[in-house]
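Shared between the two complexes below is subunit A, which has subunit B as its partner in the first and subunit C in the second.
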Partner chain A sequence: MPMKSDSTIDRVDEADSRVRQYVAQMTRNPRLGLDDDIFQAGVNSLFAMRLILFLEQTFQIQIENEDLEWEHFRTVRSLGRLVERKLRAPAEGHDDGTH
Partner chain B sequence: MNAMPVRTVGVVGAGVMGAELAQVLAAAGYDVSLIDRTPESLQRAKRAVVNAQRCSILLGGRGAASRTKSGEISYSTSVETALANADFVIENVTERWSVKSELYPVLDRVCPEHAVLAANTSTIPVRRLAECTRRPSQVLGLHFMNPASLTRAVELVVTPDTSTACIATATDVLSALQKKWVVVHDSPGFVSNRVLMLTINEAVAVLADGVASAESIDELFRSCFGHKMGPLETADLIGLDTVLLSLESLEEAYGAKFAPCALLRSFVAAGKYGQKSGAGFYAYEV
Partner chain C sequence: MTTGLTDTQRDNQAAFRAFADSHVRPFADTFDRAEQLPRELIAQLAATNWLAAGFREADGGLDPISFGLLNEEIGAACSSVRSLLTVQAMVGSALGRWATREQQDQWLPRLRDGTAIGSFCLTEPNVGSDGKSVETAARRRGTEYVLDGHKKWISFGQIADVLLVIARVDDRPTAFLVDRQSPGIDIVPIRGLLGVRATMLAEVMFTECRVPADAVVGRVGLGFSHVATSALDVGRYSIAWGCVGIAQAALDAALQYAGSRRQFGVVLGEHQLVRRLLTRAIADVRAARLLCLNAARYRQEGDPAGVLETLIAKYFASNVASRIASDAVQIHGAVGVSREAVVERLMRDAKIMEIVEGSTQIQELLISRDVLQTAMAEATVEQAVG
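== the complex of A and B ==
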């Protein structure tokens, strides 16, 4: 496995909780679970847009058009997985041979 | 009478609604001229259009995009040049009579003779706008609801002067956007906002009186009436500044029963406009 920087590890580890905190506030559902459908109260394009921008700004990642799959955005857990994959991708793409 | 063919649509006013409409129209294959007053507002609109396109992809291509070649969106600060070839114009400028009444004679002057002018107004009577032009038979109201890309229907407002060809042209455009429409007669606030704004204003008054929290008020509408959203979260979505302008317009038409609640005025004065500003009856991360 390629080495990851400590900051990347921290951000991967906190992805689920940070995403959960954001979505819970935006949907005003403090009991939001990791596998709850976050759009169950109805689909709102303004919220969807905010969510994309939140992920990009908070985790310094770029959400590409091919990432915009409904399944990636349905729950906190699936969002956490998307963030984790995006955070790990640059490290794997720039293998410096330290492993 | 037959509908006019529409290829190019002018969207005047590039706020949240205008930018989203531009994206929806382009996705349906129309070439769009998106117009606003300043380069800064057009820059914001360009970002908003890109984000609306991304939302459209995420939300399942529910617009007309997937089966049609997308049209081009051009951006301009000049109605004179941008609307010279427009077949259909959707006006979304600020919900204020002084702004709209200055704009309509200009639209009438610069648009081709055959062009239809559709007012995306929420409270101002369409007939008053039509009377600012020399083409009242080609003016109607298309009240799109927020979010324009997802709501299934549009309130289509006709005046006694609106021609059947004008209505047919508008319904062709709506069909291309995969929208249904509900035809109503012209009247301040039409149906949707005349009823909705009164409800929102009273919900704010209930909150101000300390009868219940914002969460409790909205929960009653969601759980007891089966609404998707309660009145206060709906107000936050619409924008409290827009709600206030709508109420002021309705108060002018119908009297004191639409007088905006003092708490609503204080929110707007404090810059709390709802979701778009990050704070309203609820807090939002922006």
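== the complex of A and C ==
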């Protein structure tokens, strides 16, 4: 279950930088930009699964069926927005779909 | 022989072993000769709730270590039965993660209680290791997709009720949840395999097979990258532990034979070259189990590093299982190549483990590439920061 606490704001701010750091390492591209297409950078067949596990473990969120849109995973910035939405969702009274 | 287990995990292990001893081991040779598992056994497994053991814990699955121990204990008795657990886990865990609530409500309870058997339909006559290149096509037609294609080497395809099918929507690999009763599906049994002969393999032909549009699992285009890879990850983990079971069973048989068979006035175990084979097997079984436990701990934490550790565990365990089973046959001599000895079946089953869920050669490519990429990335970062 996601931990929605006072740390949420800090973790939202961290989202872009943490995601960028991880994806840059996985794609061997230290100059990866926030809006660069991640999957054009050359990733192996295990990357998507590891990226999802990284997001879930780092931010204590659950990536679910309704999150599975290519646009969410295309760039560091879009991933950051996905994380932000998942972190903020219960505080705004939204159903985060956890079951 | 496994340290660091919780009391629950130890109790689970004991229960798994008791079930294997009473319901599986005595009949494994019969399953192998008949090339099928009886429905009665599937019902017995369902009654234990272990058909769902590999599901996500939120969906009723066991913790990763307990699931691993289940695969080891059942795998030591019969790899075909363990394969049933593997396939249920692959389909159930993929649905638990990526299916809609409606798809989950329709199939997870049935997969859990054994009223539905799942099959993972990726491999084709022209597509094995290169899973992204599936040729089975899915054409959108109004509110339906129409599937045409040919899957092969599908475990439990002969009795599956629901098929998780990877097909191509234009050029985009997509996962579909297909009811076996859908029109346009033909099942042809595959018999005469070298090993795991009771896994009831089949060819599955789709001819103008119509499925509703909401049969897509996940999203169009994410069928391989997300759905299939997560199912294969669970399958690799299950098989890695199953290989520890094969290896342990082969070692146990070799120890028993080496301790009783006498040649040249002494038991075989007194001969140095036999001891060498035994020592290598003893160390390798422990090493394989430790690699599986290592993978389990990463998986328990949801750590992405668990993906690589699972690959390594499957790679190592499948290779040592094959080598130990072969050495066990060697130690048994003539009886080892006959049906009088369990090692004969273990060797045949072990060979299959070097091929399924990523062959040894594919694992070697993936593991070395992954670790090399990480090393190169770290070197690049160091250079960038001066």
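Keep this in mind: the second predicted complex is superposed on the first by the 85 of 99 C-alpha atoms of A that agree within 3 Å, B and C clash if a C-alpha of one lies under 4 Å from a C-alpha of the other, contacts with A are read in each partner's own complex, and residues count from 1 in each chain.
As a convention for this text, a residue touches a chain if its C-beta (ideal position, glycine included) is under 8 Å from a C-beta of that chain, and two chains touch if they have at least 3 such contacts.
Everything numeric here is computed off the predicted structure, so don't read it as measured data.
Engineer: Could you check whether subunit B and subunit C clash or fit when both are placed on subunit A?
Structural biologist: clash
Engineer: Once chain A of both complexes is superposed, is A:17 in touch with subunit B (first), subunit C (second), both, or neither?
Structural biologist: It touches nothing on subunit B or subunit C.
Engineer: What is the contact status of A:56 with respect to subunit B (first) and subunit C (second): first, second, both, or neither?
Structural biologist: second
Engineer: Tell me which partner A:65 touches in the superposition: subunit B (first), subunit C (second), both or neither.
Structural biologist: both
Engineer: Would you check which partner chain A:30 touches, where first means subunit B only, second means subunit C only, and both and neither mean what they say?
Structural biologist: second
Engineer: Contacts for A:40 in the overlay, against subunit B (first) and subunit C (second): which applies, first, second, both or neither?
Structural biologist: After superposition on chain A, A:40 lies in contact with neither partner.
Engineer: Once the structures are lined up on chain A, find the stretch of subunit C hitting subunit B; candidates are 7-15, 277-285 or 349-357.
Structural biologist: Of the stretches 7-15, 277-285 or 349-357 of subunit C, only 349-357 runs into subunit B after superposition.
Engineer: Based on the A-chain superposition described above, do subunit B and subunit C contact any of the same residues on subunit A, and if so which?
Structural biologist: 25-26, 28, 44-50, 52-54, 65, 68-70
Engineer: Applying the document's contact rule, which stretches of subunit C touch subunit A when the two form their complex?
Structural biologist: Subunit C reaches subunit A through residues 58, 97-101, 131-132, 218-219, 221-222, 224-226, 229-230, 233, 301-304, 306-308, 311, 366, 369-370, 373-374, 376-378, 380-381, 384.
Engineer: State the interface residues of subunit B toward subunit A in the complex, per the touch definition above.
Structural biologist: 16, 20, 51-52, 54-55, 57-60, 146-147, 149-150, 215, 222, 228-229, 233, 237, 275-276, 282-286
Engineer: Would you mind writing out the residues of subunit A in touch with subunit B in their complex?
Structural biologist: Subunit A reaches subunit B through residues 22, 25-26, 28, 41-50, 52-54, 63, 65, 68-70, 73.
Engineer: Give every residue of subunit A touching subunit C within the complex, in rising order.
Structural biologist: Checking each residue of subunit A against subunit C gives 24-26, 28, 30-31, 44-54, 56-57, 64-65, 68-70, 99.
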